[in-house]
Amino acid sequence: MIPPIGSSTTGATGWQPQPVALARAKSNERARKIFLGFTALPVVLILLVTLGLLIRSWPILSTYPLQDLLFGEVWKPSKMLFGLLPFITGTVWITAVGVLISVPPCLLVAIYLSEYAHDSTRSFIRPILDLLAAIPSVVFGVWGLVTIVPFVESTVMPFAKAAFPYIPFLKVDQPTGFSVLSGGLVLAVMIAPLLISVVYEVLLTVPNDLRRASLAIGATQWETIRRVLIPQVLPGIIAAVVLGASRALGETIAVLMVVGNVPQIPTSIFDAAYPLPALIANNYGEMMSIPLYDSALLGAALILLIIILIFNVLSVIVLQRVKQRKWE
Amino acid sequence: MESHIQVKDLKVSYGKQEVLKNVNLEIPRNRITVIMGPSGCGKTTLLMTMNRFLELNEGVTIAGQVLVDGHNIYSPDVDVTEVRKRVGLLAQRPTPLPMSIFDNVSYGMYIHQMRKETIEYKQAVRHYLELAGLWDEVGKRLHDPATALSIGQQQRLCLARGLAVEPEIILGDEPTSALDPVSSAHIEHKLLELKEKYTTVVVTHTLRQAKRLADHVVFMYLGEVVEQGPAAEVFGNPREERTKQYLQGLF
Amino acid sequence: MIKNFWKRKHIVELFVKLVMMFSIALVGGSLLLILATVVARGLPALTWEMVSQTPKGGFYMGKGGGVLNAILGSLYLAGGGTALALALSLPMALVLKTYLGDSKAGSLVRLSLDVLWGIPTIVYGAFGFAVMILLGMRSSLLAGILILSLVELPIMTRAMDEVIRRMPKGLEHAALALGSTKLEVATKVVVPQMLPGIITAILLAFGRGIGDAASVLFTAGYTDRLPSSLMSPTASLPLAVFFQLSTPYPAVRERGYASALILTIVVLVVSFGSRALSAKLSKYTVK
């Protein structure tokens, strides 16, 4: 006798063990309890990390005004000034530029993969994305250092200087290519595999019937995509972008290697910046001598963590919803 | 009788499996043609060649010709979207687009830019909803999502949506098999009404429905057309042994 | 019905397709460019000495030696982290499948795994270091392994979960119907059947672990010596790249590129290896 589909996924109840199988059932029950404990681990870990950072950053959070921490413009630990604003704005700039550069082509690639590509094309592109996803952050950094930074310096910046001298956020104020733009370009490539695969999966949740209904009345594929598919999966696409942004926010080594690490509030994509993760990476471990320094850095980590947790939770919930949506 | 669609030497395979073997067919204009045959004999496949839907499946090879008004819709210079505009499809399960009732009906007209003014769209939507026998039920809630309708209503909405792009031919792949008897009768009724103006090709598994609808019958078996002809002949006095057996319910 | 190519919708369709092709070329081109850059810069300095020796005195000013310390350190770190992560994630993935399924609790666990996955490794690193200070620990191989296992845990579990969820329903039901308990189903049916996928998940996590710099920066530390015990600091390849590129000496930077090439090769071998291995193994499983 085969139990009805789905019965096994709802739990061990409903199954009456035979007397001979009682011992086995007992070990099954014990396993169940131990194992169920396991699944609490991820939640516990998230809480643990947050709590750990909170405790260690408590000294600064309780003595230093939060307002000055978040919006202070000066970072001078030796003078007890811990303004994180330059680092926060740096992070936001680099992430925004990276996401803006990455999203349009990634959306198109994902749409191509799900709507146009044949199986053979797909099996050709998949490994490219897998490889891109497998490349370590530091290698992206090397690439950025030897390719992107010089490219920005020798090509993009002179061009922007000549072509858009009056647009504020394209102003060229510094001589080197270590800039927000370089960081953004490196990030754009780094988050591409994630963006593409998440959007692709979201598109796969749309049933074929819907595409066919539109094609059947003579719509072109692009019309179908634009008018039927995209409105339908928009929440999923937004969630994918937010997920990509949260990945970009926390990226450390690769960005650190190409953005210049100058603690200033950038006003142009050609300015150097100093993102939060770089601040932590460059200074943590050397700060024991100055009181509150350690606490301030962990406070920075906590801020980063909280922003990313919010982004992540929101996008992951939306994506779960999108994937589990029951299509009639 | 003048034929509207001609199928000539049509061969279709999925990968290496040949599912249509040299099909030749004549489908008369402004009549209802019913395609029958046991499950898996290639009815859906045949129907999908007529609006160039079959090529949406991966790994399909199609050889031969399908002529609509004497023009081969598989010739390379043909505009697939025009073919699909001319040859409407009523699917097995109703598939309302995820938009309002109004937008569902106007979608095709909008895509093909068939109207200019908003008021024209409004009139046209009303017209086609009436034609599909749905206006009385939804006229007051045109901006509700289409998915809120009952399955039977959804299928009539799909009919209205298809009619709105002014096709000449309506294909139906078991269009009532997902519906309750009343809705099913409703659709049948509509198809009979519409046959004055449209050439209709319907696949069905129910013999009684076939008898109610058919002017012309095509009987298929294992990828071949075994018999085709006027309904009275095929039902009353089938020439082929296999048709006879099928009609007696032996398959 | 003759196609008019100049109709707006056909032009738009063509244009969109072209832009899509261009986007694909952009993504593929980036990958090629990255690989080409690393190979072009790294190959000239890649010598046998690089992979077979530890740094000699004055290594960071251009004198002799290699990065064997970092290569071995990375293998130990990622290997240990992966083993530890596996010990936790395999049971977790099985529980997710067998006891929680697609229930609310299951969704919650998957949600938290995805969120855990999204936490930046620098945060893990900082957290780890904070805990180490609290416990009075110094940076060590063990600390690096512990943090890397945290980094790898969510990616491994989720990858396994996806594989296990895709298992044909019939198999499990057949086993249950024969009188197996859920535990037996999990260990005797699910695991062997899913072996290729599980191996892919392990290698995926290993790749992520070996390439990460931010998490081991404070926890494993760095040393020129070969890793000798769980309690001694341990070098790693990503940090070797990073530190060598931070020096002003061209000869050292050259070796930084070579180290990046070594790291890239390791990661690509793991990535291709998992692909090939799972393709080979999946021949023997029920589809």
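Note that the chains take the letters A, B and C in the order they are written out, and that residue 1 is the start of every chain.
The rule we apply is simple: a contact is a pair of C-beta atoms (placed from the backbone, for glycine too) under 8 Å apart; a residue touches a chain by one contact, two chains touch by 3 or more.
Everything quoted here is computed from the prediction, not taken from an experiment.
Contacts between chains leave no pair untouched here, as each chain touches all the others. The central chain here, found by comparing per-chain C-alpha centres with the mean of all protein C-alpha atoms, is A. Centre-to-centre separation of chain A and chain B, using mean CA positions: 47 Å.
Chain centres here are Cα averages; for chain A and chain C they lie 16 Å apart. Centre to centre, using the average C-alpha position, chain B and chain C are separated by 52 Å. Multi-chain contact residues of chain C (touching two or more other chains): 9-10.
Shown for chain A are the residues in touch with two or more other chains, namely 220, 223.
Each of the following residues of chain B touches two or more other chains: 81-83, 111. Of all residues in chain C, those touching chain B in their complex are 1-4, 7, 9-10.
Chain C meets chain A in the complex at residues 9-10, 12-13, 16-17, 19-24, 26-28, 30-31, 33-34, 37-38, 41, 88, 91-92, 94-96, 98-103, 105, 107-116, 118-127, 129-131, 133-134, 150, 153-154, 157, 169, 172-174, 176-177, 179, 181-184, 207, 210-214, 217-218, 238, 241-242, 245, 256-257, 260, 263-264, 267-268, 270-271, 275. Considering their complex, residues 118-119, 209-210, 212-220, 223, 227-228, 231-232, 328 of chain A touch chain B.
Taken together, the chain A residues at the contact with chain C in this complex read 1-3, 5, 8-12, 15, 17-18, 21, 24-25, 27-28, 31-32, 35-36, 38-39, 41-43, 45-46, 49, 52-53, 56, 104-106, 108-109, 111-112, 116, 125, 127-132, 134-143, 145-147, 189, 192, 196, 220-223, 243, 246-247, 249-253, 257, 277, 280-281, 284-285, 294, 297-298, 301, 304-305, 308-309, 311-313, 316-317, 320, 324.
Contacts from chain B toward chain A in the complex involve residues 51, 53, 56, 58, 81-85, 88-89, 91, 93, 95-99, 107-108, 111-112, 147, 158, 161-162, 164-165.
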